[in-house]
Amino acid sequence: MTARIPVAVLGATGSVGQRFVSLLAAHPWFELVAMTASDRSAGKRYGDVVEWVLETPLPSAAARMVVQQTEPVLGLPLVFSALDAAVAGEAETAFAAAGAVVVSNARSHRMDRDVPLVVPEVNPDHVELARRQTFSRGAILTNPNCSTIGLVLALKPLADAFGLRRVAVTTLQALSGAGLPGVPSMRAVDNVVPFIGGEEDKLEREPLKILGRLGPDGVEPAAIAISAQCTRVAVLDGHTECVSVETVEPVDPAAATAAWRAWASEPQRLGLPSAPRPVVVVTEAADRPQPRLDRSAGGGMAVTVGRVRPCPVLGLKFVTLSHNTVRGAAGGSILLAELAVARGVVPGVEKP
Amino acid sequence: MTARIPVAVLGATGSVGQRFVSLLAAHPWFELVAMTASDRSAGKRYGDVVEWVLETPLPSAAARMVVQQTEPVLGLPLVFSALDAAVAGEAETAFAAAGAVVVSNARSHRMDRDVPLVVPEVNPDHVELARRQTFSRGAILTNPNCSTIGLVLALKPLADAFGLRRVAVTTLQALSGAGLPGVPSMRAVDNVVPFIGGEEDKLEREPLKILGRLGPDGVEPAAIAISAQCTRVAVLDGHTECVSVETVEPVDPAAATAAWRAWASEPQRLGLPSAPRPVVVVTEAADRPQPRLDRSAGGGMAVTVGRVRPCPVLGLKFVTLSHNTVRGAAGGSILLAELAVARGVVPGVEKP
Amino acid sequence: MTARIPVAVLGATGSVGQRFVSLLAAHPWFELVAMTASDRSAGKRYGDVVEWVLETPLPSAAARMVVQQTEPVLGLPLVFSALDAAVAGEAETAFAAAGAVVVSNARSHRMDRDVPLVVPEVNPDHVELARRQTFSRGAILTNPNCSTIGLVLALKPLADAFGLRRVAVTTLQALSGAGLPGVPSMRAVDNVVPFIGGEEDKLEREPLKILGRLGPDGVEPAAIAISAQCTRVAVLDGHTECVSVETVEPVDPAAATAAWRAWASEPQRLGLPSAPRPVVVVTEAADRPQPRLDRSAGGGMAVTVGRVRPCPVLGLKFVTLSHNTVRGAAGGSILLAELAVARGVVPGVEKP
Amino acid sequence: MTARIPVAVLGATGSVGQRFVSLLAAHPWFELVAMTASDRSAGKRYGDVVEWVLETPLPSAAARMVVQQTEPVLGLPLVFSALDAAVAGEAETAFAAAGAVVVSNARSHRMDRDVPLVVPEVNPDHVELARRQTFSRGAILTNPNCSTIGLVLALKPLADAFGLRRVAVTTLQALSGAGLPGVPSMRAVDNVVPFIGGEEDKLEREPLKILGRLGPDGVEPAAIAISAQCTRVAVLDGHTECVSVETVEPVDPAAATAAWRAWASEPQRLGLPSAPRPVVVVTEAADRPQPRLDRSAGGGMAVTVGRVRPCPVLGLKFVTLSHNTVRGAAGGSILLAELAVARGVVPGVEKP
């Protein structure tokens, strides 16, 4: 255990921060040694300031940890950022300037030219972009938006096998994605809110960078048209996405299913600890995937695809589901950090 | 009040049957004089057998009414059918053969060649099809599926103004649409079920008949491609539908909004008692329509359209919401009966 | 309509304020002519600043009204206060000092010696306390806490007929009682919160004043021991309360039911517009009252009592349900204002 | 693993049956080798007939198992019964007559004179009653009702330390307790159902047997008066109970807390695999226990007590929470079986 890599979580009290704390408690490579939050919480014990919302109990070691201000004095090689976008941009840059590799869940740097936006199974090679950054030792790597991750994990095997032209997606997103305090209960019970600020724009743009090609001037975005409609439903965790795709080569449900089932990628080949096997669970049950029943597939790191059938408008349609605060946030960032370590992108840190 | 037209409700104990009973209690033209249900309930007082689920109280006159078997001995000119599809086909035919005009909410006869499938504002002229039926006095008229109604009410003004080529729709449907006992609560809380048996097929086919043209051989279906993905969410009433459309002529959000706002049709011109004004409420609020806030627009008979914006894949996208057991079922059938009376299709009955 | 009494609502944008606006829109005696809210909203149209949460639509006249600052320059004889307790104390005093009769839903002045705490059917005579206040023209009258109202409406007929010694009550309270933004949805879905700040104290103390006797030194509290356990459940409107009582004289379910059913009080005798008939609806259905089905009884102004049965510990037990933002807040205050007008406690205002 | 004791689950497809299957999948002592269900399912693979509702995935070995008819031909020393009460009585007797020790979750035999009704930490010695049964080798042991278990685990340390006279309890019970299909979603969303058939009677009677004394004529029930009000709320798992108690000796919150915290019993001393440590988790957080956050304490086998405070009516009040399908059903039965094995009550089977 002495060989574990010390890490910190920035913004540890929010809903994604809590998930980081929970997942890192038993991580084989990383050891949570520090956490930061707003000035209001700094100097207090985590257990006394966090409004814990996870069903799994607050780890007792984390509960006793004293929360620090979000300032880059930590001297750690690797930090995870669950900061709000409002403060993430500057804070992450400051940590990187101070020598840390920052793996961020915030949107602030995602579209920066030299910042990799990575889903480890989809575009592991994009991690190399981090080497072009001009910090002396540090770097910033980013995890996409939660709804983007579920989508691109389902799209990538189709893109590889058949080529993609157009994608229409309607999401039914979980409440935990709105953070804390998040959606008021008077808006959630017996209701749907058909709007999530900024979400459709992210879901229409981020996949193009992720599915794009790494070139000399950064990532050349994929030439795919995406249309997104994003809604919020009364689900605690797990984003459901109803997807229709138009492919370059003909596709049918059987061929798509075969492509998904055959898919394994670099994280699986490298045996990264958070890499699910399989990446995509294809279900043939008539009424699945369902958030409550399928969000924990692969420890929350797999996506579940179901209802694969022809689409009279675009060609193929299906439903994909992923855990928005595990695979779609903290778990996805941890897998990305594992990949970065394995590829030697974190200076001075070796794969345990 | 003595001049009101006596009517019956077939299948009065189910969730749609209850809505019929509730809406007819204060109807200016129709007077509920009889109701039927399964043999198990026949002979008992309605108030003693119904598992009432509506927030509005069970009308006391209806509570005292004795439930009859579903047999065509009533001698009434007009009956509403809220029967299960399993029994509706034969029973409705029997009532029509016995001289009644049956306005049905069941799917059994919807696609029959001589049976009108009508949304009164969309295709009021299709009511005339009923005259081609071969019953001596009776006839069958049908109301579409609940998710179809919300969709075609939003599509019709676009079809008229711009022409329609392709439509992709994802629905988030209410629990009341599944009837009683319907969806188990263990499937509804903290969950989405991305499947409703038969629903996608109905939503892809029924609009073509409704938007079609009445010809010598029945209705010639509209030449539109529709793709539907149907999900069930934890909402009591109100179907939300996320729609993208490709039009023949160019369309933008402002032009679409103008078309919706300008729309009134025959039910409004005839002053039918259940006709909403406006038919389509267009909202500019960023996060509407929402089921709990908008399902009661126009007494549950209007549809609310919002989030009108360009679609990068098909051209235009928006969200439409309608009350599935009012406009989408009982209320829609009552408006259809009003139209049939006004057009003289119910023998021996005149508009009050 | 010219004869209607002009009134204002203080704190009109919160969840109780919205209910006032909704109920006053069609009130036969009162006309809403002004509304106030925080400085942030002042000067803007109500429709542009309110986050409407009611299923009934925002009345269009109210939507166009310009919100004012909460300052006593209105010159109105009667104002309703839906202010937060944090500001209600001072603001209500200022309005009363400026000559207005303030009917308040806030807790700030409820236990003041000369301030009546009134449920109109229970202690209508307490309204007279207002005449002892030392304002030149104005006065403050208060409405109890929402959970108190449902309880005392059920207790009063028992207290009159059998005498009360001890009461144990566990509440299952609705989300709307927490105001806006209120309970986060992550705390409401698939959950119960067994704590509501300050609620148990109010529920153990307020009924003693309401059921007390008006004496020369204010109200002499009733000699009853009450124990309350208050919980929050995933219900939008309607507080359910499970009650056990120990009476002075013997009581059984039939006698209690007869007492509830026979009960009518001054508001009913005076024909006040918001007075429900009956006050207490006793249901014999095995599984009622239920919030969704019974909260609207009597237009939301009645309470529904059910499951009346012997209690092995205290003697009699039952379940009572009332609408927390209608009878328990805005509607209760409006009925109180009607009573005050009818009793001549509002200077210069006569019963229309 | 060859040393594990082979067991069967009767009624494996219901919600409690599923929990048995899930908990037994990784049990260190017991190996699930057979399962039964209704004739409709017999002969089919479990994975093909079960409507799985647990968030944890269906274990793959169980999914492949062929379901048998519920007939005592299994020849197993130990079987778990999750049968419906409608069939449990006869079926369990038949299995016991055929030589099996049946650990049952059904109510059928709970109050039989020679049948132990056991919560292992509360009345472990009652297991010995099984030896008085007249089967040649088999026996029947029973687990109480789910709401009873949460209550008596909280009451036992108080009964031991202070003596108990009277108990008033109001429950807020989870949907999973109603089995499948259980409560219709139209009754669960935005609602409370203040009635659960037979539940109050069980909760008022079963604790008296469990807290009673084993005598020559069976169990002499404890002399405690219990009053229960049972409600169903929109929670998936976890029963919340609001309790007030009157003790023989004086008690205050600190003394009660000390008694709960000090408590360990035979299952803990024996190191039984499913025994939680501590048995009672006492929380000092103002707003806990909450079902979603606390139901999994001790792997779902602990109870969480909070809000300990004086009760103005009975003396002491608190809130207790337990997982109704783990501790309150399948997990409780498994712990009971472990106890029975450890005490040598299962013929031919030794503690591994």
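Every chain is named by a letter (A, B, C and D) in the order it is written, and numbering of its residues begins at 1.
Basically, contacts are C-beta pairs under 8 Å (C-beta built on N, C-alpha and C of every residue); 3 or more make two chains touch, one makes a residue touch a chain.
Note that the coordinates shown come from a computational prediction; the quantities given were computed from them, not determined experimentally.
The chains that touch both chain C and chain D are A, B.
More C-beta pairs in contact connect the chains of B-D than those of the other pair, out of A-D and B-D. Chain centres were defined as the mean of their Cα atoms; on that basis the chain farthest from chain A turns out to be C.
Remark: chain A and chain D have CA centroids separated by 40 Å (rounded to whole angstrom).
Centroids of chain B and chain D (each the mean of its C-alpha atoms) stand 48 Å apart. The multi-chain contact residues of chain C, meaning those touching 2 or more other chains, are 53, 187, 189-190, 234-236, 292-293.
Listing the residues of chain A that touch chain D in their complex gives 52-57, 189-190, 236, 292-293, 295-297. Listed in rising order, the residues of chain B touching chain A in the complex are 166-168, 170, 172, 187, 190-195, 197, 204, 225-227, 229, 231, 233-236, 240, 242, 244, 286-293, 306-307, 311-314, 317, 319. Interface of chain D with chain B (complex): residues 15, 53, 175-176, 180-190, 234-236.
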